[in-house]
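Encoded as structure tokens, the structure appears first; notes follow it.
Letters A, B, C, D and E mark the chains as written, and numbering starts fresh at 1 in each.
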Amino acid sequence: MKKYLLYPGCSMESSGRAYRDSINAIVEPLDLHFEEIDDWNCCGATEYLGINLIPAYSLIARNLALAAKQTHPVNGTEGTRTVVAPCSACYLNLAKADYYMQERPSLGVKVNEALAAGDLQYTAGTLDVRHLIDILVYDVGLEKIRSAVVRPLHGLKVAPYMGCMLPRPDYQHRWSDHEHPTELDDLLRALGADVIDYPLTTSCCGGHMTQIGPETAFELIRRLVADADERDAQLMATVCPMCQMNVDAYQNEMNRFFGTDYHMPILFFTQLMGLAFGREPKELGIGVELVNSRNALAHIGVEVPVTQEPTAPRKKVEGLPMPRRWTKHEGRKEAVK
Amino acid sequence: MTVNGSKPKFAMYWAASCGGCEIAVLNTHEKILDVDANFDVVFWPVAMDAKYKDVEAMEDGSILLTLFNGGIRNDENEHLAKLLRRKSQIMVSFGSCACEGCIPGLANLSPVGDIVHAAYNTITTDNPNEIYPRISYDVPEGELHIPKLAKVLRPLDLVVDVDCYMPGCPPESHQIAAVIDLVIKVVKGEAELPPKGSVIGAGDSTVCDECPRARNVKSIKEFKRIQDIAPVDPDLCLLEQGIPCNGPATRSGCNARCPAVGAQCIGCYGPAEGVMDYGARLITAFSSVIDANTTEEIDRILDGIPDPTGQVYRFNLAGSLLKANRDAWKVK
Amino acid sequence: MTEKVGVYVCHCGSNIAGTVDVEDVAHWAAEKLGHQGVIIAREYKFMCSSLGQELIEKDIKELGLTRVVVAACSPHLHEKTFRIAAKNAGLNPYLVELASIREQVSWVHSDKVVATAKAKAVVSGAVSRAIQNAPLEELKVPINSNTLVVGGGIAGIQSALEIANAGFHVYLVEREPSIGGHMAQFDKTFPTLDCSACILTPRMVEAGTHPNITLLTWSEVTNVAGYVGNFHVTIKKKARFINEELCTGCGICQEKCPKKVIDDVYEAGLGYRKAVYTPFAQAVPNFPVMDKDNCTYFEKGTCKACEKFCPTGAIDFNQQDELLHIDVGNIVLATGYDLFDARRVSNYGYGRLPNVFTSLEFERLSNAAGPTNGNIVLRDGKTAPKSVGIIHCVGSRDRNFNNYCSVICCMQGLKFAHLVHERTGATVYNFYIDMRTAYKAYDEFYQRVLEEGTLFVRGKVAEVTDAARYSNEKGKLIIQTEDTLAGKQRRIPVDMVILSSGLQPRHDAKEVGKLFGISCSMDGWFTEKHPKLDPVATMTEGIYIVGCAQGPKDIPSSVAQGAAASARVLDKILQKEVALEPIKATVNKEMCSGCRICNGLCPFNAIGFLADDNVSEINPALCQGCGTCVAACPAGAISGTGFSNEQIIAQIDGLLMRNLEPA
Amino acid sequence: MPQMTDERVRAGLTHEEDLSLLHEVSMKTAGVSRLEMCIQCGTCGGSCPAAQDMDHTPRMLFAMLRAGMREEVLRSNTQWICVSCYHCVVRCPQEVHIADVMYALKGMSIRAKLYADSTAPDFSQTFIDMVESYGRSFEMGLASRHYLKHFPLRLPGMMPMGLGMIFKGRMALVPKKIEQMDQLKKILDRAKQLEMIS
Amino acid sequence: MTDHNFEPTIIGFTCNWCSYRASDLAGTARMKYAPNVRLIRLMCSGRLDPTFVLRALSEGADGVMITGCHPGECHYIEQNYKALRRFLLLRRVLTGLGIEPERVKLVWASAAEGARFASETTAFVEEIRKLGPLNWGKDEGERRKDEEGNKNSSFIIQPSSFEKEVPA
């Protein structure tokens, strides 16, 4: 059993509850153990950074300091220095704070001075902050995931939506690419889903603009939904509660604003994993989404012949040969270099 | 050489050292009889009874040869070194302690106060009241003294002039025998003593010269302790196998005794001819075989040498540039 | 006291005297360093002037000076001057020591007291060092008049021809089956739009038939030993599986070969060749090679179609790689460049979006001898584009990829714009950060392309996508960028995108550099001896670099460098011998114990091991004098002239003023 | 800020160059901003998914920073429209930390009270208030308070969504508080002091 | 505390091809930097024998600055890596000897980096100034803090009585 420290993030307790439920449902078949960081606080999302620099990073760093205290083995359990954040914004904030405290030591000194007021301290670099999907793809491995699948998602056309804060800015070089990462595609494919080529996979959902400039956000949501629809996706899969919230909860608003009629359900990738692992929709929090996924999910469970994985170029090419596709392997290698 | 018809006089003294040098002399077996046959042994506390005052009473320069082993750690060592220097024509700095400090010299890494404290207050010492011996004590017969410690241990040649150096911990018996033969020949006028400052009883190159192991171009990714390698290749250079062997920088003369039997050289014969600082030579030897170009990777490899200072200065600390502020070997 | 030292302190006008009390320094040296052997200390306005030099020469002769210390400017400026003066006066030039009290003292400090004190320390260090200096003699070695040119692109061809025409023999080695290099892939060359093949082919033929050129294609240099004037080079002549004696170059074998292979090299992956092939029709030499990895016979043991049809029986499946050993005096490296791999810029979609092309692909697309016979079409092989976007600076001027400017991409982009415009009439956009059209007739070409109606957008393209946002974008590639001059984001739908990819050092440049004993810059290009004054020579005597191996450049510059290097080679050949700096390391065999620690340290392979004597040995002609082995020898058995331990230790003591008391 | 001279104003020059601006923004940026390295290539403006709603593209904003146009920069809505998608950051050929510069500009804009529209700063402030009182964000309180103030007319339209969220158990009605609230307060108070000093 | 009256003496080793030229360039550009560093020209940082550093420190230098070409840019291809390896081990040994490893610094500076050479030099001087003088060559006992914890000073003879006897 592999142990990780879990930073759930605020959404997990409310709007992203389904994410939490579905994560709980997949840890066991994948032999994972998540230990929640005691008394963690909000990471400040994108809001605090825009007001005050040092308080914002101190807020984030309190979580890192608390997590660092929990790295050691307790009562015979394994020790770990890896913090898992399933929310992209939380992941980015935690990872970025750790990185900037190293890149600009003066920031690290001030943050630690603030932490000292609460009898805490954090040495940048102590922890390894990673996102849930990073753990699943690179630690657990697609092989293990594939072997846990009992109900392959054959016939379900999924648009893999990574969002922006996960693959970028990626100071730690964790992803195969900043623009077209393949981690989510590979994982969904391992579940048996028909993964569509979705060029907007790392485009923005609008973030907090749904709150402060809805028109801007609606346009961004429209682009995502329209392109997924254009490519015949039945469902979008996401890795971030904020993305899920924006695309799901604001889709009707957006439709009204543009006079469109899209119906593009969006589920957490962990919910799809749970389904593939044979869990019941209810325990995975399926049904709490506002754009319901009933029709889309009707495709699973129905006997559908095995579809070929779309490895060949999207459009059949005659004439001139195409260059070899950029592989994930090369991507990571280059990135690390 | 003044011999004056009678047998020339011989002395040997043991200052701050373990006594191994004395055993090494006895290890020459019957050769020791040649010493007796050719010399009049006037002072050798470990072998015969003689009083300091007897030596003090001798005429200056009346002893032909003194083998002085041990470093100078206290005022008694210092007194005897100066005394024997005055009385002797040839003063040989005998063994690693006298030449370069040796193991006792490692104490120079600690302030002398700490050393005293440690000696009387270790966890194995039952000394709850922190009682220290007194420096002097009145008894009916008069005042008794124990020697005062110096702040650092110094090699002999920082205290008195030395004519020859004979390195080794201890000097190999076959080398001692050869030196005895040489001195006898000198006494008989059949040979010349090497010039002042020379190293005798040792070679000019390094241990590798005598080491039977095969050597190639070296490049290592890891330093390991010898016990962590299984099995150690019996025919291949130890350094090439990642074992920090001091042989490349250590003066030859011992017939590569340690590496020949599978233990790395620890450097008791000190630096080769003309070398100013022994540790520097080992630093550059070890770093030269590392196969890495990034600080992280190099550091990882260097972590394989847990005590680098002890590794490169085990025998030479008191004789090093920084710890005694002098050239390791006063040669040339 | 055995040495007689003269100390000469220069005012350098007010350059030194303005900040350093030179009189004080001279008096001090005479007084405090007298016991060291200083018998005369003078100051003078300009020591480097002829009068200043005469002063020194006179003292050497009249006072019998054995060492001279000149406290003046940096040794890089006038060390040679004073050494020659000493030589004229009969003193070995290496007994002169310079103390830099201008660059290191007067120019960088302002407090006169502090500066004067430092100047004294510097002089003191120099005096102590000078006393330890030893007379040295330069080493003269003869020059072999043969030359090796590595790389048969235009730069290498030019270089080889210049030397061969002067009457000396050249070995021209090329890794590919034919010489010609990248230039042979191009259709037109900017800015004159000459047909590339028309101007290159005659040069290739000339090189292929020149009596003074031994052409070795399909060959690679595997080992280089020796030193300037006397290199011993091993060349691997890879098996062609074609008997060159018998082959007439008729081409029947390739016609009959049933195996089609994507041609990644010459056709840039855009076309096919056979398993037995000549890369292109005008190849020099015109013998085909067999691609063992793709040949059906080598794979499965049957086929041999080529052998059956060859009219002269030239196919030889048993041919083996051959090792040639040649001796040359000089080596010219013209190893060229690799194209930046555009797949790395994933936001430009190359490799994912079919109609995104690289510059080299487009060169082949537009080449009349290329896979489409010069028709500019989309990847479906038939549709002509109605609109084309050309993106500059792909992989260049970008810290995510290569920091440097690739030099040729602007002009290349303009050339593409012209060709597209001329052949298809499509609307052409050029997206650039800065237009760099320096050099003769280049900007005129820019004007011409402007005139033709090419649309220029100043902005580094953010992304190329097929995710249509509006109806006019459906089915197109959309180029999204900020038009920085309009200050607005634009989305421009086009049919075809051409990436003006940058140039990169060859993927194996580091290894090649190591093989020849030269270094690479941070970016990976070979490092020249001096970026301005010696751009074709390298730090290793006798090795020259030309063309893109030295850095990105266009054809005219490559040709110029090829010729320039030849001039340097001919100069060496005609001198017949070369003097080597006498700063060398030597092994004292008595003290060497054969530990072999030094053996792996020399990048110039100057250190050999004599197994019989169990000692290492340094070849003085190969030794470049870096001193690494001297510092490394654990036995202290290696000593280095010019920078000996004694000299440096003495200088340390001198700089720390530990030499002011008699020892 | 230096005073404008009459003749400069008459000549149509509308701003005084404040050359300390670039440095100030750099110092207020979390990491190493590299702002001075901008080559005005437009990658950021081209990449921005929200550029159409911005007064100035990020690139123009950086040019204005260099020109020392303090007021114009801090008044711009650009930093507030930024959605932190980091496209510009990873594409920037000069590795300018653009997103973090935007955060720094927001803070400066608030302090100088130069923002044109209070929606965004208010949202941030409301969010922070929640976090500072509970240690966690409280979506229900945040959304209702924010919409009530800034989009009252939109509130009825948003009701179905809000109710849906509550109905589906995706919005808690009471805030959740962390245990060591006092510790967090102490940390944030000290951090604010440090912010003032620096 | 930093003693502002303390002027450190520093020996700098420079590579003939890069850092020595960088110092030349700093001079040509009249960049002002701290005067405490006295330079020794080597052909390459690979020539740097640790003995030189030890000698400099034992003869009165408070710090030693070693400079060479940037990694990958060595005039002799790769010898600066060898300097790096030596430097890293040397620092460890110095630490073991009780010397602050910060007293020996490795700086990469290309021939074009006169400004960097000047600023690195000044920065290093300030670092050494903070560390204070290095008193090697004086008696070991004086340097260490042994005085306070030492209740038995009667054990210890004073250094003055410890002079070498030179035969007449």
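The working rule: a residue touches a chain if its C-beta (ideal position, glycine included) is under 8 Å from a C-beta of that chain, and two chains touch if they have at least 3 such contacts.
Please read all numbers here as calculations on a predicted model, not as lab measurements.
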Steps needed, at fewest, to go from subunit B to subunit D via touching chains: 2
As a test of understanding: of all chains, whose mean C-alpha position lies farthest from that of subunit E? A
Among the chains here, which has the CA centroid at the largest distance from subunit C's centroid? B
Does A-D or B-C have the larger number of C-beta pairs in contact? A-D
Which integer distance in Å separates the CA centroid of subunit B from that of subunit C? 54
Distance between chain centroids, defined by C-alpha means - subunit C, subunit D (Å): 48
Rounded to the nearest whole Å, what is the centre-to-centre distance of subunit C and subunit E, using the mean of the C-alpha atoms as each centre? 35
Interface hub residues of subunit C, defined as touching at least two other chains: 347, 463, 601, 631-632, 645, 649
Could you check subunit E for residues that touch two or more other chains and list them? 49-51, 55, 78, 82, 86
In subunit B, residues with contacts to at least two other chains: 276, 281, 284, 288
Which chains touch which? A-C, A-D, B-C, B-E, C-D, C-E
Residue positions on subunit A within touch of subunit C in the complex are 177-180, 199-200, 223, 226-227, 230, 313, 315, 317-326, 330-331, 334
Residue positions on subunit E within touch of subunit C in the complex are 9, 11, 17, 20-21, 23-24, 26-28, 30-33, 35, 38-44, 46-52, 55-56, 59-61, 70, 72-79, 82, 86, 118
Please name which positions on subunit D make contact with subunit A in the complex. 28, 30-32, 49-50, 52-53, 79-81, 83-87, 89-90, 99-100, 102-104, 106-107, 110, 119-121, 123-125, 127-128, 131, 135-137, 139-140, 143, 146, 150-151, 154, 157-158, 160-161, 164-165, 168-172, 176, 178-180, 183-184, 186-192, 194-195, 198
Which residues of subunit A touch subunit D in the complex? 10-11, 13-18, 39-42, 44-55, 57-59, 62, 96, 99-100, 103-104, 107, 110-111, 113-120, 164-165, 168-170, 178-179, 202-204, 206-209, 211-216, 219-220, 223, 249-250, 252-253, 256, 287-290
In the complex, the residues of subunit D that touch subunit C are 39-48, 51-52, 56-57, 59-60, 87, 90-91, 93-95
